[in-house]
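Naming follows writing order (A, B, C and D), and every chain is counted from residue 1.
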Amino acid sequence: MPSGFNFDFVVGHFNTVTYVVLMMIGFYAMTGKTNLVKKLVGMNIFQWSIILFVVSLAAKRGATIPIALGGHASLDGGTALDAAQYVNPLPHVLMLTAIVVGVAITGVALALLLRIYRRYGTLEEDELLERIRHS
Amino acid sequence: MKSLHVVVTVVTGLLLVLGSLDMSSPGDPNSPPATHVSPRYVESALEETAVPNMVTAVLADYRGFDTLGEVTVIFTGAVAVLLILRVTRDEDET
Amino acid sequence: MNREPAGVVVRTVCRRLTPFVQLFGLYVIMHGHSSPGGGFQGGVILAASAILLVLAEGTDWIRRVSLPALTVLTSTGVLLYAGVGGLCLALGANFLDYSVLPFAEPRSVGMLLIEIGVGITVMAALVSIFRDLVMFE
Amino acid sequence: MNVQQSAIPVLVVLIPLVTSLVLPVLGWWYRPAVFPVALAGLAVTCGTAIIAAYTVVVGGPLHYYLGGWAPPWGIEFRIDSLSVLMLVLLTVITLLIGIYSKHSVLKEIPSKEVPFYTVYLLLVTGLAGLVSTADMFNLYVFLEITSLTSYALVSLGGGAAVVSAFRYVILGTVGAAFYLLAVGYLYSMTGTLNMADLARILPGLYSSTTVLVGFAFFVIGVSIKMALFPMHSWLPGAYSDAPSAVSALIAATTTKVAAYVLIRVMFFVFEPRFSIDVIPVTTVLAWMGSIAMILGSVMAIGQHDFKRMLAYSSVAQIGYIVLGVGLANEMGFTGGVLHIVNHAFMKGGLFLVAGAIVYRTGVREIRGFRNLSGKMPVTAATFTLCAFAMVGIPPTGGFFSKLYLILGAINAGQWVFVAVIVLSSVLALAYLFNVLRFMYFPRDIPLDPEAHPSPSDTITRDEAPWTMLGPMIAVAAGIVLLGLFNGEIVRRFIEPVIPVGLGR
């Protein structure tokens, strides 16, 4: 770590520190836990922390939501829209896609869990491996 | 085994925090993302697409192909779940 | 998993509530242009109203919904999306370039069609997934 | 601005997508038409890919602005000869396996023909899009389509397939999430997602730690998707538990496309000097590839189950491709890309052989293959040809990609890698010859009593049906053609895209 852990770095980059903590909780749950549902929960936390990080890139101090104020009126008002007034819309579009991908993956993973539970009667990884070896 | 996971997790976390050292601070109006591509979306979305909501303009028009891929992902998810779950109990005993 | 209808209070409230939830879902889809929202959010609200109905009325009505119909509805949404893109291709522009659509405000109308397609797909896909979970035992 | 560019690049993605959307409607309305329409979709996609290949070879890379917006604002498709080589490879392989899977997979689950082919065509859509797009986030979307369809197809095998599929979901999503994280990090420093735009801005930022960490997570994420050695734990279970046609499909496509993504971003978005001098990524990759080649082959030798042996052999073969990338010189690059093509055909063919054997005799253990050559001559012959290619015996394509890799290792002055390639080929010879021995010369193997009852004591010809034999023969022919025309392939498809900045 850089010499003397400068406190303003943490304050300055709170978005990164937050998402890294969240991501590591998810990553640990995914790899450390033996229960398959906990792995799935960890995977979701992991995905959502990345979404949080990318959306936080869009923020601009003092900017409003990316919808042109006054709708069409602001167009004929002649004042060109100033980019600094509006939040960056691109990360929000990307993360809408990432959210829907996350939903689809969680849906498929839950369907697999249902099949696993019905066939093997357990969702603990060690019991599962042992029952697979016997069947 | 558990300590290995903890070590891997902490190392990954440190690497990520280290990686964000020279990112521009949050909310900085002239960070690269805010100055390179997206200003055009903000400034000309209304005149080019007559849609005040810039997110919808980027979502459906500028990067409309992303959203087509997106809707395909949802369709894939629905058919995949159908493929996985449509197994009667006896079929599953093989 | 089959579920008997809930108590009469829950059923009447939900039955009164569902039309408004669906109306709001449609509003969100159609007003993606000028207010936060759009196809995805509206589609999810519509799917949520279907799930609310299942929680209130029990699972027997969703069992009667024929599955191929739901899958076909999901694919028609995406077909509408790709169809609009293909139409632009046919009219001599690049894929998904709405400026050639025969409307006064071509891009705005093109995007509206896209949002409707997305709304249909998301709604049908989530209801189809929910129906599979209900039917699975 | 409505500029009309030739629509070939987008058609290759659009045709399989529209076909997959039409199939549920067909399945509901007129069911018997589902398989023919699915095949027609695959065939037309293959045809379009070949037309695209011809156009690119003759006229140079194709560009296509989606939505009519020029990059970096809109999404761009850019098809150069590397992309088109992958496109033709993927569409040909998926067409053949599409024919093959009619009997092989649908024998067990006849009621699921409609969702199976819908998901199958969506996989082709994902692959075609992944290879054509020139936008980092669009690539993530297609990567997810490819992954999602692979998860569903793997779960179709009976028994433990659902567990292997779940493990594949978890690890696959970690890989894709690391890729997304890398895109986020690069976006935070450059503000753009278009590959050409990134390639223009990045050289100025090579010293920034964010770009460095972003690239590191990109390599880790793609290595997981590619099942590079330490991150391959999902592969053996997924390949051996899935139905054989699905194993062939996934072995021949998903890991190869991940290797393509590594090459595309490492050499074309970043300059080669970044991963050679700034951080020694190529050296690390070369060593990880070598370890994969050795340990993968060693683990393959120890297997009794035929498909699990092939799965570990895949882990070794991925090591060849990564070694080719890691050598960071023109010969190594050529060998690596050529091996992507060769291995897709070789491993696809071997899994098709496994499927035919399981289909006809239900045997999965190698011990049960006693005098299979009499019982299923065509299948055994295909296996032999694929085995020759895997070991690298001249007429087949496998020999040439290994030759380029060896030349690359010599040019790089790394004789240890030459030794690793030769040792890995010898190990491959060991585990493949072991199977050949059972198939062709069972007499001199002591019949151990508790072996599976050998199905072929009375040698009656009992070949797999034609819809399975045809694709196997076509793949075998493909392996030989790849060998004969490898000069053409290298000259027309690989040489034009050798990145400047690679060593001699």
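To be clear about the criterion, a contact is a pair of C-beta atoms (placed from the backbone, for glycine too) under 8 Å apart; a residue touches a chain by one contact, two chains touch by 3 or more.
Just so you know, these numbers come straight off a predicted model, no measurement behind them.
Asker: Between C-D and A-C, which chain pair is linked by more C-beta pairs in contact?
Answerer: Output for the comparison: C-D.
Asker: Based only on mean CA positions, could you tell me how far chain C sits from chain D in angstrom?
Answerer: 36
Asker: Between chain A and chain C, what distance separates the C-alpha centroids? Give it in angstrom.
Answerer: 24
Asker: Rounded to a whole Å, what is the gap between the Cα centroids of chain B and chain C?
Answerer: The computed centroid separation for chain B versus chain C comes out at 21 Å.
Asker: What is the distance in Å between the mean C-alpha positions of chain A and chain B?
Answerer: Those two chain centres are 8 Å apart.
Asker: Quick check: what residues of chain C touch more than one other chain, meaning two or more?
Answerer: In chain C, 34-36, 40, 71, 74-75, 78, 82, 85, 95-96, 98, 122, 129, 132-133, 136 touch at least two other chains.
Asker: Using the touch definition from the top, which residues of chain B touch two or more other chains?
Answerer: 16, 20-21, 23, 31, 33-35, 37-38, 41, 50, 52-53, 55, 57, 59, 61, 63-67, 69-70, 72-82, 84-87, 92, in rising order.
Asker: Residues touching two or more other chains, restricted to chain D: which are they?
Answerer: Counting only residues that touch two or more other chains, chain D contributes 17, 21, 24, 66-67, 69, 115, 137, 141, 144, 148, 151-152, 155, 159, 162, 181, 187-188, 193.
Asker: Treating touching as the only link between chains, describe the layout with one word: line, ring, star, complete or other.
Answerer: Graph shape, chains as nodes and touching pairs as edges: complete.
Asker: With touch defined as at the start, can you tell me which chain D residues reach chain B in the complex?
Answerer: Answer in residue numbers: 17, 21, 24, 66-67, 69, 72-75, 108-109, 111-112, 115-116, 118-119, 122, 125, 129, 137-138, 141-142, 144-145, 148-149, 151-152, 155-156, 158-159, 162, 181, 185, 187-193, 197, 201, 208-210, 212-214, 216-217.
Asker: Mind pulling up the chain B residues that touch chain A in the complex?
Answerer: So the residues of chain B in touch with chain A come to 2, 5-6, 8-10, 12-14, 16-17, 20-21, 23, 25-29, 31, 33-35, 37-39, 41-43, 45-47, 50, 52-55, 57-59, 63, 66-67, 69-70, 73-74, 76-78, 80-81, 84-85, 87, 89, 92-93.
Asker: Give every residue of chain A touching chain B within the complex, in rising order.
Answerer: Residues of chain A touching chain B: 1-2, 9, 12-17, 20-21, 23-24, 27-28, 31-32, 56-63, 66-68, 71-72, 74-75, 80-84, 86, 88-94, 96-97, 100-101, 103-105, 107-108, 111-112, 114-115, 118-119.
Asker: Considering the complex alone, what residue numbers of chain C touch chain A?
Answerer: For this pair, the touching residues of chain C are 34-36, 40, 122, 129, 132-133, 136.
Asker: Which residues of chain C touch chain D once you look at their complex with the stated criterion?
Answerer: 68-69, 71-72, 74-76, 78-79, 82, 85-86, 89, 92-100
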